[in-house]
């Protein structure tokens, strides 16, 4: 092989392998943050609704601090190579989406759109090609959100909050209707979307139990 | 090949193959004991709570008798070779951990720590390098414990014991919180830990059913 | 090669290949019968309990007619060669065991023992070495029976028969306890036996649902 | 499960598992003998033709001693169960056939027929149903013989024996012609038989090399 | 979970994961050395025999420098845990054995015994339990040596060295005879040993080609 | 399912399965013929060239009788379904091509073209869509022809026919050049074509040996 | 006499033509699969909306949209007519079959939404024929059965996702019976049609999922002594604005 | 505030566009693979003819035909330019890579026939660039190496099939050395490039085949005390008309 080529190739391979190492470090740091958020948010299942806002306050700073991580990614990923490396952090990113949208739902009952999640994670438009929040990862995060809310519907009732399941039901149905508009391939997203149906069914059952036992007051519309 | 060398090599291969045979026999004996315990403990699902203590008494002697087995291992495993052979008995050891911790939970509702399981199985500190209870196997045993308790929560209700699921729920959530603090790698342990979520969800649903029908009052939330 | 030897060898190869052909024909006929039985029995999931006896009457003659098949086998299999060819009909035989035992359970709620299955299939003692019902195949048939009953527990409830799951639960637990006493080696049978746990869990959950809602009372626990 | 039935089933399973253990021991002993023979016969490739008879004398007693093994099998295999267990010792038996027929070829250049191999291994007619030499295993042994002779053709020339390849060529072609008359199914035997072509081609090339250089005269063609 | 227990468990998991990282670094360094040696030794196939000694001189210092690596292992592996981690470096170690024994063969035509390989790699007796050269890895290295020598036999002839194949043939047959005396179980080693037959056949054919053409005289047969 | 459809589908499936049975019988008969031809043609390797014509006469009637088989196929294969079933007889058909072209080569040294092979096998043009000789199978047959001729080149010399290899060499090179004009996919044909190179190499070596030893007279051109 | 070289040249042309046709059919099959899959997604969307409709109007219009979508697939097949003519169909069957099955799945799903019944063989074959009823390709029983077998998976999805809505429970019960019959009908064909038994296993698991859903419906109504419609009304009024 | 429905509508458009692009690239990749494979066959044909030529004329013209063929592939890449622009290249790398490797194999084979050397990275990249040297896509080291690794298999075929001809023996010896060097050079990259070690194993087996051929050449010359050319002449005169 051409001596020149040999050197260039070796340099290029070394660069990639260094880069992979650096990304791995960033992912470890990212993971730690998302795991902290998940740990804190896990308490919603045993927290009375009036204490929830206080709990959320403990999560917010961790979410904000993810901006440091995404900035880190934006610095090390070479221009246009986002898709080359993204599998390494997809899981963490999806968990961050999950945490951000759950926070939002618990705060004001709304769905945080992709662009807001993106800016909440400190992702900047000029990073295009280096670090973005892909639609696919946002959707994965939403599915995790629905999974969690079906669990919350059950536990809220146990804690005596009979209104929550109804609120959740309306919220989740809208998300489900959104997913129904997509043409998915036979991939993970499709499989997880299929499983959403069971979450919705579970939530419906809670709503059914609650309504028939007349435990819930007629609902005030919260969405428009 | 040098005749001397050949002899040494053959002696070494023969020693290993004899040893493997001996270990296999020990494992068979160990297996028999753990299977007996599992068989007995399987009855908890159809035993009213007041008869449980009597049932547990039948398990205790079998657990104690495991000391004979571990002593057997400590005698045949050459110094330093614990890790070479441990895959052969890992399954049995994990089942023993499961039996010991289930016994303890049913006795007084507490979690038996690793060191106590270890001494209950007759494992002695000076056996280090020959036979120990590795952290990993202890954790596997705990996961099996949670799997079993989610089943027990269901069956307790069938037997009319509406308080048990609530007790189980609190116990299991504590174990889960403990696991959440560990740095697990992406291995079997991690995968089995991830599956714990389903057990917890099931238990929560039982608690929901029971409290919705006012068959029992869930404990006061302990987290905020 | 010696002409004489060659002839003997060729005669032996030809005999075997003819025999294989004949066995294949018998197996096709056997398969047809077992498939008919399975097809009829499949209707139990949508048949109200009072019509079940009439349904069973349609299965009985097909089961009886299996005697023709087993007699066919006993005539073509050379003395001593049962074990040589048995893999060819194992599947059909196991399905026949499944049908016979399901028929019996639905008739009077009891487990048909091996010897009765054997005589129901027309197998005669003097056929030893030519055609028998091996223990292994009987056990495989029982596992299929449990698989089917876990599905029946669900569908019985849908048909408004809330007592059936409780009956099934007790029946299946007894089979499971029987299996627990066997020394199964680590083979297909063991693996299928391990999977029984899921069926039992499913049945227990149905019993739970039914008894929680006081739709039926579970029998008195029989173990202590 | 009926206690009686359970006992019978367990007895049957235990009997089989003990038997398997005993057979395994016999196979280990058989294997040792065949490995010794193969080890000794491996020397033919570097042994001048005049010393071969002396070498063969060392193999003969080992072959004779196989009678002890086959007698052992005939005692432990239950009547009618030969075909159930035969896969466990097929490999050893085929190697024994290989050794016996190679011994014979090297002694007088003839092919030992199946019945002679059988009696050489001490197999007795009244063992039918317990222990026999199946046609299939005899044929496998012959294929191994041809494999070995193609190697011998090469090494004989290296040792200066230019006549041997010609002798081998004629012998092997006769075996091949014999096989061509059999109705082999599409199984391992057929595949191994197809591979014989390569051995024959190799032997023909050796004969070509030798006759091209006028080191030996090929026999007169015997077919027209 | 008990806080104390949790801490111990986490410390243990962290220690293992750090250790794994350190071992991985050592293995990378080890790999680099063995790859260098293999790269240099690969040139024997195109190097005339009189230049071989000079080539070997370039390999020797690399082999010596492996002592640094093994010392590194001996420092980080905790007492008793050799067998826990050995799979991580087995491949590198086997390659090192291959390089050392090939070096020796090319130097003086002898087989380097296990103990010499061990000391050549700087492994010290007092490291037992932390770092040793297992019999199994030595044997794997020898099989790779034979694989390489069968290729060398061919290429030596191409380079005009007609004596080398004969030398190789005698050397390799001795190794093969050694292996034949070992009680190898049915594992990877056994399978690779079985494949040696093809290497030997190939070498025998080269010797045949060379001696048929009287390009070199095969040594006097040494076995009878 | 529509009762009408059910009937039609069943009729169609039964028709296909009958047809498969019939084809299988035809294939068995075809196979027998091709095996006879191969058996007879195998004798060319030990038959002096002057007796070859007599040998060929024994093959010709068998080849002619293949017309009965192909007619049989043409009657049972439904219009346009040739490609549906052809895998069942491809092997036999390729062997027939091999036999026909070998016969032709041995008769007058020419290559029998596809259309001649086709008509020799009794295949008629109006059978298009029911039974034809596809290019692919013709090519497979030619590759087998070359395989056989490389063996014949060797054996002809052994029999003292030094002219044959040269004749074969010219003939085979032309075929090889033909193959080189094709664009093959990575399939069996490609793999077999790759192997042709080794046959040509072998033939060349024979030609080389023969020419340099001045065993062959200068060649009279037979092709133009 | 023709030279070896020129005959092989002819072979080359024949083989190249064959490979090119194969490529064309593979590509077209990918397009057909994609269009069919998209149609199935569209139908799920429309079915979800139409479920609550008392009359069959919207249901019929959903089906109409499905048919319209599939007309594009049909015109693709019309274009492949020549590549699949005569004995070519079976030569390239392996390349064509996956797309065909996906199309049959989509078509039978559309048919189900309109008629609540299984589409018959003749109707599928007619959909793949020109105005004069001349088929673009011969429909095989195995493609027909394998395509229908996939339908059960989509029906399971339809049953489960509709279940939370009014009318969805009735639909789930209907589908349960329908899929049960499919499974029973197909059982007899498994030994004749390659790969059908694998698909039957999928059908079995779909059926179990539907049965579980039907079970849950019965179970949750069982605690109340009111007709299901009235229960539905109570729930609706609780949720509704 | 934007409704959930309309945001998901936007998602649908984005996902559909992505899947359509992916399909387009898969299809184009199949075409590229086929064209490259055909080129390789063509080159083998031409190489076989040109072997006996004393001068390099026909060899160069063989290469010229190879380059001409590959220009079609290059124009396909030019057409994919937009679908692979910016960050899209890496997004669809998995779909594009197999075709790229096959193209590099064909290009490097052509280059070898002309120069008897390994094509350098820059030359491959330039072949995939427009007149202004703007690349249609960024060439990655891994595609470059994996494509070259496949070249050794073709060289093995070239060596073996030429061996029976005059000049073929010299060529086989040359290729033997060349492939040996390739194998040695690539060895250092195996730990960095996925799948390269699998391809190295294929290279090893190709190399062994070439070595066996080289061995046979030496061996059969060894019995005669004449220079190889003279031996060739004697053989030629025996066969020749």
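Brief remarks on what is shown
A, B, C, D, E, F, G and H are the chain letters, set down in written order, and residue numbers restart from 1 in every chain.
Simple rule for what comes next: a contact is a pair of C-beta atoms (placed from the backbone, for glycine too) under 8 Å apart; a residue touches a chain by one contact, two chains touch by 3 or more.
This one's a predicted model, so the numbers in the text were calculated from it and none came from an experiment.
Counting the residue numbers that touch the partner chain, chain G and chain H have more than half of them in common. When the contact pairs of A-H are matched by residue number against C-G, F-G or E-H, more than half turn up again in F-G. One simple way to say how far apart two chains are is to compare their mean CA positions; for chain D and chain G this gives 57 Å.
Centroids of chain F and chain G (each the mean of its C-alpha atoms) stand 45 Å apart. Look at where the CA atoms of chain D average out and do the same for chain E: the two points lie 34 Å apart. In chain B, the residues that reach two or more other chains under the touch definition are 177.
For chain H, residues touching at least two other chains, in rising order: 19, 188, 223.
Touching chain pairs in this entry, ordered by label, are A-B, A-G, A-H, B-C, B-E, C-D, C-G, D-E, D-F, E-H, F-G, F-H, G-H.
Within the complex, the chain D residues that touch chain C are 1-2, 4-6, 8-10, 12-14, 17, 79-85, 111, 113-115, 128-129, 135, 138-139, 174-175, 177-178, 181-185. Within the complex, the chain G residues that touch chain C are 177, 180, 183-184, 187-188, 191, 208, 211-212, 214-215, 217-219, 222-223. Across the complex, chain C meets chain G through its residues 31, 35, 38-39, 42, 45-46, 151, 154-155, 157-158, 160, 162, 206, 209-210, 213, 215.
Chain C contributes residues 173, 177, 180-181, 201, 204-205, 207-208, 211-212, 218, 221-224 to its touches with chain B in the complex.
On the side of chain G, the complex with chain H involves touching residues 19, 23, 26-27, 30-31, 34.
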